[in-house]
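Note that subunit A is present in both complexes that follow, paired respectively with subunit B and with subunit C.
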Partner chain A sequence: MTSARDWRGLLFVAPFLLLYSVILIFPLLRGVWLSFNQVDLFGDGHFVGLGNYARLLNDPIFGTSLINTFEVTLMIVPALTIIALGLAMALNRGSRNAAIFRGIFFSSAVLSVTIVTLIWRFVLAPDAGLLGELWKAFGWQPLPFLSDENLVLPALAITTIWWSVGFPMLLFLAGLQQIPGDMYEAAALDNASRWTTFSRITLPSLRRTVVLVVMLQTAAQLQLFGQSQLLTAGGPSGASRTAVLFLFETAFGRWELGYASAAAELLFLIILAVTITQYWATGRATAAQGGR
Partner chain B sequence: MTKRALAALLALLALGSCAKSDHKTHLYLQRFFGECGAEYGGTTDVAKAEGECGIITTLVNRFNADNPDIRIDVNVVAWPGYPQLTAQVAARDPPDLVTMHEGVISDYASKGLVEPVDDYLRTAGISPTDFTDAARQGVTMYGHVYGLPWDTHGGLFHVNTALFAKAGLMRGGKPVLPDTWDELFAQARQFEQRTGEPYLIQSNVGDPAFAARNLYTYMMAKGAVLFPDRKHIRLNTPVGVQVAKYFRRINAEKLGTQNMDTPAAIAAFVSGRGGIYPTGTWMIGSFETEAETPGRPLYKSYAVFPYPRLWGEHVEYVSGHSWVVPARERTPQQREAIARFFKFMAAHNFDWTRTGHLPAFKAVLGEPRFKALPHRADIAPLATIGRPLPSYVLRQNAIEGIVGEEAAAAFTGQKTVPQALESAERRVNILLAQID
Partner chain C sequence: MASLELKGVRKSFGSTLILEDVSLTLDAREFVAFLGPSGSGKSTLLRIIAGLETADAGEVWLESFRIDPLPPGERGVAMVFQHYALYPHMSVRENMAFGLRNARVPKDEIERRIADAARVLEIEPLLDRKPGEMSGGQRQRVAIGRALVKEPKLFLLDEPLSNLDAALRLRTRVELAQLKQRVDAAVIMVTHDQAEAMTLADRIVVINDRTIQQVGPPMEIYNRPANVFVAQFVGSPAMTLVPAQLAENGDYATLKIGDGTVVETRVPRDRLPPSAHFRLGLRPEAVRVVGSGEATSKAKVELVERLGERTLVYARLGDGQPITAEDQRDSRLKIGDEIALRIDGAAAHVFDADGAGYHRTGA
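Right, the complex of A and B next:
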């Protein structure tokens, strides 16, 4: 009887497992296999073992794209987390205005990357762009955000933060609404300052949400692609080429499928390592505080 | 009862999902040039259509109207559409007709992914000798013709003649363009001093084709062999270094605009904020519209010419659009329909030249109606001085991206000239070495 029930259970999950295997597990394994081959999009190719990986490690373009990816992720994730938390705290109230502003701040999240980059091109372009005109009004020389090697990654970071702030804000809002009101009442009775209330009640209560936001955003920004492709085409001189843009160019521009697969596998391992490290580090910190 | 009702419902659904056969031969055409169905979706009057999108949409509508036994189903892809085509080919479901840049054909032809079109041309009564030299070179490879050439396009000097007049650089109603590099710098300085505007408007940001086109053109003019064989590029040569240094000097002396991408450069030119905008044939229509609109900065102040000869031979790097036929199973009716489509498009090559592109057919170059189009007499030499890259060079699009990126870095001073050219050579040679 138990055995029959188990069999029926397997039947229920079989369609999902089949679909999951076909559209996720098989491509993943196929990608790993391709990364060991020198193969173009339409050729049979031949096995090169770790050759693609060795080539990647000696490829300065890939190296630069990885450094760019880490830099832009570091620019985005802390700032995005702080801004989203600040917005959530400011808008965590039942008033009509707060609801309107929640909608406004979330609205950028529904735009496609094409629209977002178009909007920010109009803001950032030194000739006739919004910031350029503002700079000129003050008598300053407009900053070439999209053509200066030192400004282009901050430009991508600003664009991404504006685009991505909505969802983390919602997560923080949900977290804030889970904090019991009597904790704040007790703090008020104790005459606690706003900073003490924030650092002793709000922030610890949101610890899990903060960890979630940081992990999700880190994984997402390490895969940053559209902004770089559409706003700067990876330029100037590769200064804004991210790892995913590199593998897109390699696979679909140069048809080097094996090499692009190796880059994708390396990026996958990096994202996995970063995520596990974050999870482990935050888990240790939580345990040290008594598991709160 | 319930079972019967369910069966009836299913049967109705099955019947309802059946499309009625129209007894036509269907061809699936995939193209870029944009989507303008709202304006031209039902139009068949080709003469009244404007712009690349309007003209190509109307041409297909007209073909469908003139050939009631054939139906062309169109799929519009974002420029240039090769990732989609690649995915379709990989899925063994490619379209019947595709727009393709001539520099890209060799990638697909070398793998047998597109058909030679010699038989289609023969059936349509078209001879490759009808094509212009640039167009024929662009579609001929491995002893076959791999596409119906549709135009030749390349870089042009779009000139603001009002500012040129202010700079004292007009003679007999024509702008004075330089004959040597020294003249270019002298005229640029004179222009800047007298007008207060930059001589050149440049799209150095996010536009690798701009830098690659300039480097290729002036290296070719000096007789440089860019690709000595199918596995190597040669850029870091005395000629390559000299060309890069000249463009670097333009930027160093602030004789050209800095930090502009393509939309910014277009906006600057139509606003009268520079003398020459070196960009492609495809902008002629838009700039001519500005030149015909009273009150606009370009009103009656626009001229256009091929890149000037600054040294060596007067040649210019060009490419072209063509119609190719991806390899797949087809019925004899579909093959005949493709031949008829080729015949129709060849007969309407003039209509396409109203976009600003040059014709792919020699006969159109000689037609009075072509010569009567604005500026065509001035730009027609491009069809004879145009030089595509050799067809044995694969991945020309990717190579242009790499060369353009490194050349732009050299021109703008982000890298030293030898460093940038060496890097371009190394990256392209690695790419070419990976191709079996």
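Right, the complex of A and C next:
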């Protein structure tokens, strides 16, 4: 009877499992398999073992794209976390104005990346852009954000922060609203300054949210693609080419599907390693604090 | 020297008036209970004293310093919150040290105070635990400890026992009474539980309807309620109020109630306002179930509550007036029984049309 029940149960989840296998498991495994082959647009290709991986490690363009990716992630994640927390704290009140501003700051998150890059091209363009005009008003030479190798990654970072700040802000708002009000009243009676209240009450109460935001954003920004493709197409001279843009160009520009798959698998392993390291580090920090 | 002084405190939220012209003086080391129903403004008054709310008008003085312009942390008061409000990510020790560190108390002094408080409250084994790892009763002690180490001039307790189960509540009540003997400060406790107020407080401040109804020692509040509200709010079950007519002349008021019973009170007649219509206030112990020989009235039983040490009888007099009486603990009465009652006029209270109370002299 038990086995009959088991089968019946399986029947209920079968449609989902089937779909899941076809559109997720299979492509995943297929991708891994592709990365061990040399494949182009036509034909099945042939097995090259770890050949693609060996080639990647010696490919300076891939190396640069990885470094660009890490740089832009390091620019984005800390700044984004701090700005989102600051906005959440400023807007964590019941007033009507706060509700309106919460809506405004979240609204950028619903825009598509095409719109976002379009907007920021208008802002960043040196000849007629908003920032260029501002610089000129001060009598300075406008900065060529999108064509200077040293400015293009910060420009990407600013664009991304503007686009992505809404969701972390909401997470922080939710976290802030979990903190009971009488805790702040107790702190007031304990003569705590604003800074002490923030650092000893608010921040420790938001620890889990901070960890969540940092981990989600790190994983997301290591896959940064649309902004760099649409804003600069990776230029100038590869200074803003990210890892995902590299594998997009390899796969759908040069049609080296096996090579691109190997790059994708490598990026996947890197993101996994970074996330696990973060998780492990926060676990140790908690243990050092005495645990909970 | 007076401890706390409230002078004409007034507070409204929007257009809703919460407190109106509240004035009160506490003696040194006095334990005072703010007693009142939900929404009476008693918690708001406590929060005004703590500095968590600002009064619209009036002044708050503590040991001859005006404290209402000061922020909460500089007033010399400590508060125990209803839900304890312990900092969840700090150990018990850190919870207690937090306020002292902010006040820049020297380190060894902090250690000494925490050790003392932990010994008194018997929470020494808990000092390195976090609030999440403790029971409600333990958290309550830590919350009290956090207030204790500050060595404040005034303790504020907001419904301190309301989150504990019945057994723990009784025990904590005894402990609070003992604690009161040790601290050299006045204590204000907000509560809606009259038993807490009666057992712990030196004086009770009955608050209702935006203002203080009566201030006095527990037995005075019970024996000489200033008005109908106090009479009905304090005492369980509530005092029975029976419409009555002033009958004959004499030194003491004699009142006749609806079923014809004449009650000779010990309330001096010349204190009463010139009117014929009053209400007679009878606590259950003033109305006894008796044999028909000594009876003053007859009634029909509607409900019998056996409490163990006594039995309460809810009955109706001949004219349908409800009345609560007391019978012996082994009462055999049942619903529907006809009973004889003896109303003890010497223990009766009289209330006038405005609700003001009049009581026998001396008691």
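We take it that the second predicted complex is superposed on the first by the 282 of 292 C-alpha atoms of A that agree within 3 Å, B and C clash if a C-alpha of one lies under 4 Å from a C-alpha of the other, contacts with A are read in each partner's own complex, and residues count from 1 in each chain.
By definition in this document, contacts are C-beta pairs under 8 Å (C-beta built on N, C-alpha and C of every residue); 3 or more make two chains touch, one makes a residue touch a chain.
All of these numbers come straight from a predicted model, not from anything done at the bench.
Visitor: Clash or fit: subunit B and subunit C on subunit A?
Guide: On the shared subunit A, the partners fit.
Visitor: Which partner does A:196 reach: the first (subunit B), the second (subunit C), both, or neither?
Guide: Second partner only, subunit C.
Visitor: Where does A:150 make contact in the superposed view: on subunit B (first), on subunit C (second), on both, or on neither?
Guide: After superposition on chain A, A:150 lies in contact with neither partner.
Visitor: Output check: A:259 vs subunit B and subunit C. Expected answer is one of first, second, both, neither. What do you get?
Guide: first
Visitor: After superposition on the shared chain, which partner residues are touched by A:58: those of subunit B (first), subunit C (second), both, or neither?
Guide: After superposition on chain A, A:58 lies in contact with neither partner.
Visitor: Once the structures are superposed on A, label A:126 by its partner contacts, choosing first (subunit B), second (subunit C), both or neither.
Guide: A:126 sits against subunit B, while subunit C stays out of touch.
Visitor: If you count the residues of subunit A that each partner touches, which comes out higher, subunit B or subunit C?
Guide: So, of the two partners, B touches more residues of subunit A.
Visitor: By the touch definition at the top of the document, which applies to A:183: first (subunit B), second (subunit C), both, or neither?
Guide: second
Visitor: Smallest separation in Å between any Cα of subunit B and any Cα of subunit C in the superposed model?
Guide: 51
Visitor: If I apply the document's touch criterion, which positions on subunit A are contacted by subunit B in one structure and by subunit C in the other?
Guide: In subunit A, nothing is touched by subunit B and also by subunit C.
Visitor: Give every residue of subunit C touching subunit A within the complex, in rising order.
Guide: The touching residues are 50-52, 71-74, 77-79, 81-83, 85-91, 98-99, 102-103, 128, 130, 132.
Visitor: How about subunit B: which of its residues touch subunit A in the complex?
Guide: 82-83, 86, 89-90, 107, 111, 113, 204-208, 257-261, 263-264, 267-268, 395, 397-398, 401, 405-406, 408-409, 412, 414-415, 427, 431, 434-436
Visitor: Going by the contact rule set out above, which residues of subunit A touch subunit B in the complex?
Guide: Those residues of subunit A that touch subunit B are 38, 40-43, 61, 121, 125-128, 144, 146-149, 231-238, 249, 252-256, 259.
Visitor: Enumerate the contact residues on subunit A facing subunit C in the complex.
Guide: Of all residues in subunit A, those touching subunit C are 180, 182-183, 185-193, 196, 200-201, 204-205, 207, 289-290, 292.
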